[in-house]
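Below: the structure, in structure tokens.
Letters A, B and C mark the chains as written, and numbering starts fresh at 1 in each.
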Amino acid sequence: MNKNSSNIMALAPNTSNKRETVCIFGTGDFGRALGHKMIQSGYPVVYGSRSTQISNLIPKDAEVLSHAEAAQKAAIIIIAIQRQHYNFLTPLAEILHGKVLVDISNNLKLNQYPESNAEYLAQLLPGSKVVKAFNTVSAWALQSGTLDASRQVFVCGDDVEAKQMVMNIVRALGLTPVDKGSLLAAQEIENYPLQLFPMWKFPMFLSLGLTAFFFFYCLALDVIYTYIYENNNFSFFIAFTIPNRVCPVMALILLALVYLPGIFAAIIQLYRGTKYRRFPNWLDKWMLCRKQLGLIGLAFASLHAVFTLASPLRAFVSWRTGKGIIAQALNNKTEPLNTTTAWISDSYLALGILGFFLFVLLGITSLPSVSNNVNWREFRFVQSKLGYLALILCTAHTLVYGGKWFLSPSAYKWYLPNIYMLSLVVPCAVLVVKFVLIFPCVDKPLTRIRQGWERNPKYSE
Amino acid sequence: MNKNSSNIMALAPNTSNKRETVCIFGTGDFGRALGHKMIQSGYPVVYGSRSTQISNLIPKDAEVLSHAEAAQKAAIIIIAIQRQHYNFLTPLAEILHGKVLVDISNNLKLNQYPESNAEYLAQLLPGSKVVKAFNTVSAWALQSGTLDASRQVFVCGDDVEAKQMVMNIVRALGLTPVDKGSLLAAQEIENYPLQLFPMWKFPMFLSLGLTAFFFFYCLALDVIYTYIYENNNFSFFIAFTIPNRVCPVMALILLALVYLPGIFAAIIQLYRGTKYRRFPNWLDKWMLCRKQLGLIGLAFASLHAVFTLASPLRAFVSWRTGKGIIAQALNNKTEPLNTTTAWISDSYLALGILGFFLFVLLGITSLPSVSNNVNWREFRFVQSKLGYLALILCTAHTLVYGGKWFLSPSAYKWYLPNIYMLSLVVPCAVLVVKFVLIFPCVDKPLTRIRQGWERNPKYSE
Amino acid sequence: MNKNSSNIMALAPNTSNKRETVCIFGTGDFGRALGHKMIQSGYPVVYGSRSTQISNLIPKDAEVLSHAEAAQKAAIIIIAIQRQHYNFLTPLAEILHGKVLVDISNNLKLNQYPESNAEYLAQLLPGSKVVKAFNTVSAWALQSGTLDASRQVFVCGDDVEAKQMVMNIVRALGLTPVDKGSLLAAQEIENYPLQLFPMWKFPMFLSLGLTAFFFFYCLALDVIYTYIYENNNFSFFIAFTIPNRVCPVMALILLALVYLPGIFAAIIQLYRGTKYRRFPNWLDKWMLCRKQLGLIGLAFASLHAVFTLASPLRAFVSWRTGKGIIAQALNNKTEPLNTTTAWISDSYLALGILGFFLFVLLGITSLPSVSNNVNWREFRFVQSKLGYLALILCTAHTLVYGGKWFLSPSAYKWYLPNIYMLSLVVPCAVLVVKFVLIFPCVDKPLTRIRQGWERNPKYSE
């Protein structure tokens, strides 16, 4: 410690408020932006460059020297050059020995090279302490100060002291360092900025496909059928009525798809009599994107809620209401209140509102800051108990809404069921199987299996 | 440092990407799950077990040895056995000397033992470095990879180096270590996974009790009274009308209950003339669950908002509207617009919307990630100033809505007031007393007391 | 390490659960509150005071000694006295040598002194290790336990060991330490609790100004004009109709103002032919408050949504609807459905709902916990691509809603356009220029400029 400690003290800002010199190899865009920012934050910056001719692009207060000279002036060297030029550093190995090298590079494709750039650098210069950092920050954002996203800087490296030194610089620039452990994490850190919602891809494509299918299904039944057989032009249904039919169907199906893999998992475990075999790959993947499925379902549910609440504002609805009232007025009579109709209408509205309320609660609980503040037991209580309650309420909402039409032949245009009937298949199946699974005669062996018991040890890996 | 530092380097992943061996004592469920995950993450794992016979449940690539042999192979030993068997470790004290022991145990009840399991372990083996970790992670989640909640692993321990080593493993498994300080924190960490929303218990029971009371109150006045005296079957009010009467009442009362303890505190401080005496216990507890009370109130307010917005969709409302219009049409006359009615209707809607808007703002500000990003002054500004404004707007909304009926005898069925009248008692009391408290003649002494002045030093502790 | 390590072990809680003694200089409010809390958490506390007479205000279990005596009893001394009295510490320099001094002071104004209080203390006592901490915590909150906001304690200091010791105490008190780096950060930490939403000031004033303007503009056209020329008393429009006209206008303009600075930046870069010159100051400031502008816009959009959905509940709307139906009934005829009207009404509702949905999505993405979990590419995708889509949908919503009135002279009361026409100016301008900017002939040079190319190197700094 004595040696290292004095080392830190030499590098750390001392009471006379001087910060340690930082060397930057490479005068490209990111090198300049980072240098600029560091000078602003009080660090003396020296650039290492092939041509020591001072370019007017380089921050005014920075020195420009040859690589060797620049490296000797600082304990931390930021390698702002591309991976393919890393081998020019090997002749400098002696000068760079014991220095902290900060690898800030990014690749153009995921897993472009067998090993991460930072690990490659560490292999080239085994005497230096390589730290991966800054690759998630954009040069543009650094310079313009618009750091709305990614104030987080992932840092990893095998040398704890070196990592600490880099993390102190990160903090001094107003960013938040996140320690990701050893240099093995560099691959992950380098892949991170290349991702575009990787977990959302499958749920998004599934939703888009299903939405398109249901949209054209509705278009055929509600607009084309009506136009052909009843000669009514309801083309304007495309704008409002059909979206408001597709949205609840999608919301209900996606909510059910969140709970379906759990059902499959339970059945597989019961069948195999052990929990010590891996689930099939598709089931594992499905289980991992349940949160995304649920959130897309919530988006559809929210759209359905707003569309429904906005429907009294529609010209079509006003016209239809008016027509009904005028017909009664012209017949000189008032229809009495039908209590059954009132019960059905009030019930499905109330069920839908409560189901939506619980759905929103599930969504709020999956916000990172909220789910980090609940423990495992609480999270499972919300996502499992309240989630199933939401599914029950939403399924009941759909059943009460459309129940009376199930047996009516006029509901089957072209002998096809209405889409809310289709939407009930998956949730009802999930609820029925779940209901079976909570019977003691099924639940007990399942609980034992999940606690480690095996019916048939031959299956176990 | 010299010794420890070389120690770390030997254990930390070096450039040839080999990770240090980890030893796991115990081949139970969690031991196996953790071992499995560690092997996946590149750690060589060796199990210490009573029977060194290789079970097919243990991950394939793991070695199984006797406890003593296994312990010698690794610097970190994970104790995946139950507390009651800890004393079998005492004969191994010499081998375990200087090693890092990771206590991952949980209890079945809160505060089951006088000291935490980790502290007990540290007492048994004073020569080892005990670190508490992993107890908040479930074996099931580790193995199935569904780590939605609790990616956080609380780590505590008295030895900083040992803690760092464990935190590096935590990171390597894709989890987030949270340093909770010394081993004294182990008790808290062990209690954490046993909790189920402890702060929400009282507010939830209070809300459920009040909701039940108001529900039956409404049922009596709106359904039973109408059925007996007016012979109308309004039983369907149970589904929609009554919930939409209870929700706003609950929201308003709960919002007022958030601000009531502050009023009590001010009165107590004024009466005592000092702030240096503890508040009564009930007041302390009440003050600590204000956030929960407010959030439950917000839930009721949201339900009220959606119920109200959905009411034009009700069959009953359509029927009532139609009836009114038909009656006018049959009488051949159109009623002119009553400007006063328009003013009242528009005002209470606007007041309600603005009050609800502020209420939602309070809710957003209490999200952990938002409240961590505001300072004390900003938080108080939102929660106190905007909160009182929300209370004023919501109270005004209720007053304007029902004001005209206060003096009408027909509003008092069975001589009982309507529930919105009951709901106004607490908020009006809070607002009146708060209004008195901001008068300079009251505010000045209160401010002085809160700055430390004492009217009557005999009271101070 | 050997020396320091033993040092830590001596101070850290050992297995016999004794915590190190903490000394507090100053028996003022915060000193007492902090001492109280520390005693509760198991720390022996000793106060250093001018008068060693035991005051009954000081926590019972604390010792009160002279400054010199107290300082000798502890390794950590909390300086709970005001900056202007710091110089009395200089005679104690020898006793305080090597001790950890925790500066907890706050100022009354931003940047009250040239250097921060902590740096001033470090200059006075160069032999001590000064750590800044606890200044963001309020004494009142500490004592009453109502730590809703600011569980975060910002800690900074030049000595890493000293900082660690203070951070351990912070954790023991149940608070979250946030390491802000070296003592240079003290200035920022001291300014932090004095701020009241500094980033929100300009957007708030701009919004209030515009809202007031549009409110009176509407008041003139909708209430006063109608009263003068049509002799209708529509004064109740003030409560509902006018707010619901101003809100959407504000939402649309603020959303457009979020994207306008990006347009300006692109034009300036294209004109200058380089990205290496700073933007004008106003543009920089504008770009930094885009998030706040967008969130205020979202607030207005939410109000507009709720106001619109609530409009069928208004007495005025019921009366108007009834009047229309009765007129038809009395004329003994039913108007047929106008398909064009139905298309327009459904389209603008659907466009508005989708635009609002995307707007809410933008808002959710800007929650700190969400934006920290997306990378730069994902954040830009949401804020730029989805943001522009939201702007397009909201502009289209307004255009479809009011399109038919643009050419109607009756829409121009007093020859003034309706406010939704005014609201379209900025968004349409933004969309048109953006449309030009994505043409390849403009986009290509812009992309090259942003990658570092310069048309005209004379401009570069």
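Quick note on the criterion: contacts are C-beta pairs under 8 Å (C-beta built on N, C-alpha and C of every residue); 3 or more make two chains touch, one makes a residue touch a chain.
In this text the structure is predicted, and so the values were computed from the model without any measurement.
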Task = Specify, for the interface formed by the sequence copies subunit B and subunit C, whether it is same or different in terms of residue numbers shared by both sides, with half as the dividing line.
result = different
Ask   = Cα superposition of subunit A onto subunit C: how big is the rotation, rounded to the nearest 5°?
value = 120
Task = With chain centres taken as the means of their Cα atoms, state the distance from subunit B to subunit C in Å.
result = 23
Remark   = The positions of subunit C in contact with two or more other chains are 1-2, 5, 309, 312, 325-326, 329, 367-370, 372
Message = Considering only the defined contacts, which subunit A positions touch subunit C in the complex?
response = 1-2, 5, 8, 12-15, 17, 19, 28-29, 42, 56-57, 60, 136-138, 140-141, 144-146, 148-152, 164, 168, 171-172, 192-197, 233, 235-237, 239-241, 243, 299, 302-303, 306-307, 309-310, 312-316, 318-319, 322-323, 325-327, 329-330, 367-370, 372
Ask   = Can you list the residues on subunit C that touch subunit A in the complex?
value = 1-5, 119, 122-123, 126, 158, 160, 179-185, 276, 279, 284, 287-288, 290-291, 305, 308-309, 311-312, 321, 324-326, 328-329, 332, 334-335, 337-339, 341-347, 349-350, 353-354, 356-357, 361, 366-381, 383, 450-452, 457, 460-461
